[in-house]
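Paired with chain B in one complex and with chain C in the other, chain A is shared by the two complexes that follow.
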Partner chain A sequence: MADYPIPPEAEKQIPPEHKLTGKVARFLLKRYPIWPIIDHLAQKVVPVHKHTIWYNMGGIALFFLLVQIVTGLLLMVYYRPALPWASVQRIVMEISFGNIIRSIHHWSANLMVLFLFLHMFSAFFMKAYRPPREFTWLTGAALMGIVLLFCFSGYLLPWDALSFFATRVGISEIEKAPVIGMWLAGLVRGGPDVTIDTIGRFYVLHVTALPLAVLMLLGIHLFFIQIQGVSEPDSFAALPKEKKRYHKFFTEFMFGELPVWLFFSALLVALAAAFPRELAPEADPYASAPVGIKPEWYFLSQFQLLKLFPGEIEMVGMVLMALIPIGMLLVPFYDRSIPTDRRGKIATLFGIVVLTGMIIFTVWGYIS
Partner chain B sequence: MDKNNLMGESVSKRRFLQVMGTLGLGWLGAAVYPVYKFLSPQAVPDPFGEDGRALVDKVSTADVARPGMGKNGSYGTRGLIVFRDSQGQLRAFDSKCTHAGCNVEFQGNRFYCNCHGGTYDLNGKNIAGPPPRPLTELGVVEEDRAIYVFRLTDEKTEQA
Partner chain C sequence: MNYPVWDIPFLGNGLVVAIIAIIHILISHLAIGGGAFLFIAEIWSNRQNNGPQIRDWLHKYATFFLVYTTVFGAVTGVGIWFAIQLANAEATSLLIHQFVFAWAIEWVMFLGELTTLYLYFYGWHKNSRSMQVFLAGAYFVIAWGSLFVINGILTFMLTPGAWNLDNTSIAAGFFNPGYVSSLFIRTLVMILLAGLFGIIMATRIKDDDNFKEKIINFSAKWVIPAAIIVPLLMLWYWSTLPANTIALIKSGATGLAGGKLEVITRYFWLALVSGVLIVFGTLFTIIRPKAATTIGAISLFLVAQFGVMGAEFFREMARKPYVIYGVLFSNGLWQYQTRDEQYMKADYLDKALWHPNIEPLGQQHGEWIFRLQCASCHTRDGYRSIISRTEQWTGDFGFRWLETMDQQGVMPPFQGSDQDRAALSSYLISLHGEQTSAQEILDQYRKAQADSISAAATDTIATEELK
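What follows is the complex of A and B.
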């Protein structure tokens, strides 16, 4: 076997040969010439400034994603798409720890969405999307969209009264799209109304298609971040060199996140135990919708905004609602200047308007 | 203290990792039990009711009306064979082959397992092929055109 030579700078940094870790490191480096990658990752740093905490939001969202994968796999063991409500009822009523595992899945989904919003807006306001990081922003935006599809598809699966009407209302919004609306809605539903065929589609989306898409896009997203490093806000970049302080990403910053992950593990269990996710009565497509039915909080601002455009002018609301995410998505292409210029200030203002609007409309939707 | 550049280790960091590692392992340990219980199979209900009998399904009295007639059916979640022997006596055996668990077939003069050729006589005794033990016989009664089986021995119905 022709060994790869161990680079001299690697020899200086890896543990000495008589130690086990040193032996393992040499064993691997002789077989795989990956020292440049390791060296690159070891150089990766996270700038320390008053906004450093916002760098943690993505990692926290990643933690909730891991919880979703584990609890989702467990729920799949007993969930039956052909007996949706009865199988969820069995998980809740009969299977040991089924209720708490389902509730953790529910709470973790909600917290993941919350922390993704925090992650997205912190990247937005720190202007981390500017060149050369446009594609990190775009993959992140795609991941946000996929996560919302996860929420929408997962909401139907228990097939209770809430999930049935939420899905019917949600898909009816697609119907309102011009020309292709009815056709597209039928394709999504698998028919003119929400039925067991809709479950079949949403189940495959929720447990196979979307997870594959997330793993792929997240891999690319994290790969970009590892190659390019974490962005520095203008205020930090302007500091004289001797005033800049950094944490090493590996392993200071990463291990610094451990207590946070442990805290959120405890929080999830506490939330799931104190506020278990209810299972409403089985969906009855002919019964009246339950009193006080409302979208989940992450769809509430859109729901409330659409209420402002009743009847004929609803199309205006729909267009407005489509323009906001498009405006967010394209921000790296109109705010490119480092340090920030006038267009950058407009982008910041746009972000403030969107964020404030989302909060106001969500609260308004919640209390009305 | 062993210090090296790659990991940038220090005593306080090592201590931090020890604490976090212990907490993390403790947390994982606490998660293992619920997950194990979640995945553990639920108890299968005893097929024999309070009166010690189980209703036979998929075999009617007409299926076993005359000597030499027999049929595969079920009681609870288990399979069985009910047949009428040459003396006109109704008899029943759990149909799960004692070799590898296939359901055996009633062939008039014997029970035969199509999986590996296990053969039993009409008393359930293993007479050819791989089965290590006889089939479990069940008590059987006819009542109002329904067939019931009951446990003949003290042993539990669960057998390999």
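What follows is the complex of A and C.
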């Protein structure tokens, strides 16, 4: 069977045949007709304007995801879901680098969530959800939800006092959902209470189901971005063509971002050195919960908000808590105009209220 | 104990010194390396066709260099002085008296640095080319001279070598075992930092990508010597460390990277990882110099800050529990005093000067023992928290543990009487909400001792009867 022909425009752009890179490029192109993909990727540009820095947030979150995958795989080598606490103790106390890998995994998870929030809100305020990018937004929102599930499921796995009671409190909130609450909580727990069966479910979720879901959704999310290009804010789009500046993503933008990834690598090691993740005593289901137990910071705003609606008005709080993410999710179908119109300004105001509220309630939850 | 206590909640006075010092070291090292950079860049510009363009860029380098090093360097440098006096007046006094002429030389060097740098910068458009080259070179030599001096004092604290209270020769203390390796390591790190700063300033070149590439390639070369030679010098430095320190670094369940990882080992790895990341980051910058951004370059510079953090924390922790190794403990106890059992067992608050009138075995007794003897290294619930370290304690356990705490290698011996130990143990467990008075702890101990003597006597009688 004949090789695939190399397109003339490819011949002009790839290195000459006598160079090693040229030989490799021709070897691949004769076997895989991928030049249209390579050419498309090579054309991918990132607009340069005063808000360009926000385009880095998604890449940084991706970096932390990669760290989670690598450190997670390493932890999986020694983690035993049948002996959760003992295996984590062994990782921390005996296994070479176990302590530092576990601490990096913990800090990377927190920073990943932080940068995902930054990515989500920067995309929101730059209105990157407007047509034709509605589904990029929706897949991104789904990814956010999956990452929070990652955090929730992973938190229990050490099976120490803190993680046990935090999970128990967290799942008890699920019980309050109308109609399906009790059933759903039972499904999540694997029974009436958090037990070793819960570990089994959370472990499968954390290392198999959620990684598959995130890889699939991330692939789709990035595919949409490759096809449609990076969105441009109104102020940049309004500029005359000759005043618009762009960086090529491959390799200009990418190489510019790599040192930032190195900084975050060093930051992770610094955090692991200065603030290693502690392992509390093993969970005792018959003990009482530690006084003042709270969820991690990324759930703290919801936790604090619900405290404002105790007893009979609890349902009001739950409805409000559900409306906020639904509102964020459906914003592409409400604010569709380019440039921004009145609906766009209302959407921006909504985002400011949500972001401000999240910050206030998180701080309030932390100090109370 | 001879000085008032600087009790900083949560952070602790030592960590306040550390935070200021870590920032200062990055600045001061750049201040010296940058001098070499200016000198070499001046000479280089004279040999390039676009010399005036290079010097225009160099002026921007010098502007930010001047502001960053002189302003922030001075603020943090003086900040260190303020902080160390308050944190450990005893050690500061020893260093001042021991190396008074070294300090004097140091400050002459600082004066010389500032003078030459201001002459160089403010004479930019007036001085001749040769004068500029001379001033840049003079600045670097003088600045490096300040390293020459401070390096002796810093390394003395960890490896005093032949120096001791009977042999207070300045040369013995100054040119101590760790001096030379540390001097070379710091010099190379300074050169590296100068290169990273050059890359930052190169990213500010807009609209001339070829020139940007040229400057980045020039600056990136400054990373190479450290990348190749510092790992080798670290082996040399390692060989000068005290045996106890090496054992501490290796401690943890398994070898050098044992799972548990003592804090000193973690900071060692931070320094190592940061160094590797800087090399990779510089390589990326060399591969695509036109793609370098200011944020990326600053990120790399901040990686160097983490490296400094790791290396300096490592160096400081390697001294535990001393502030001057083998001579003076961090809490003001002198090594020679530990040989006098009578002194060690005497009532502590009679020896320590700065405390109010305390009722023996009362509530405040233990608290003041903590503040005067422990707070130099431990906070209650923050850095090196004493609460988390005594979580499982009972009053009796604490009382007994304090007697032999120096045997685990990172703690000084306890100074004080049985009453002092009982008071401290009572205070420490009170931080967990347990209320066992010092008197109860003391009574428990004495009863146990009496029971033990009685049991031994009974055994002796029984043995005799059997015979």
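Keep in mind that, in the parts below, the second predicted complex is superposed on the first by the 368 of 368 C-alpha atoms of A that agree within 3 Å, B and C clash if a C-alpha of one lies under 4 Å from a C-alpha of the other, contacts with A are read in each partner's own complex, and residues count from 1 in each chain.
The definition used in the following text is that contacts are C-beta pairs under 8 Å (C-beta built on N, C-alpha and C of every residue); 3 or more make two chains touch, one makes a residue touch a chain.
Predicted model only: the values in this text are computed from it and were never measured.
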item: Clash or fit (per the criteria above) of chain B with chain C on chain A; value: clash
item: First, second, both or neither for A:Pro15, with chain B first and chain C second; value: first
item: Partner chain in contact with A:Leu258 - chain B first, chain C second, else both or neither; value: both
item: Partner chain(s) touched by A:Ala128 [first = chain B, second = chain C, both, neither]; value: neither
item: Winner by number of chain A residues touched, once chain B and chain C are compared; value: C
item: Which superposed partner A:Ala273 touches (first chain B, second chain C, both, neither); value: second
item: Partner chain(s) touched by A:Gly98 [first = chain B, second = chain C, both, neither]; value: both
item: Chain B versus chain C as contact partner of A:Val77, first or second or both or neither; value: first
item: Contacts of A:Ala42 with chain B and chain C, given as first, second, both or neither; value: first
item: Among 6-14, 60-68 or 132-140 on chain B, the segment whose C-alpha atoms clash with chain C after superposition; value: 6-14
item: Doubly contacted residues of chain A, that is, touched by chain B and again by chain C; value: 94-98, 100, 251-252, 255, 258-259, 262, 265
item: Chain C partner contacts - residues on chain A that touch it in the complex; value: 53, 56, 90-100, 247, 251-260, 262-263, 265-267, 269-270, 272-274, 276
item: Touch list for chain B against partner chain A, complex; value: 2, 4-8, 13, 16-17, 20, 23-24, 27, 34-35, 37-40, 42
item: In the complex, chain A residues that touch chain B; value: 12-15, 38, 42, 74, 77, 94-98, 100-101, 248, 251-252, 255, 258-259, 262, 265
item: Touch list for chain C against partner chain A, complex; value: 252-255, 257-261, 263, 266-267, 269-270, 273-274, 277-278, 280-281, 284-285, 287-288, 290-293, 295-297, 299-300, 302-303, 306-307, 309-310, 313
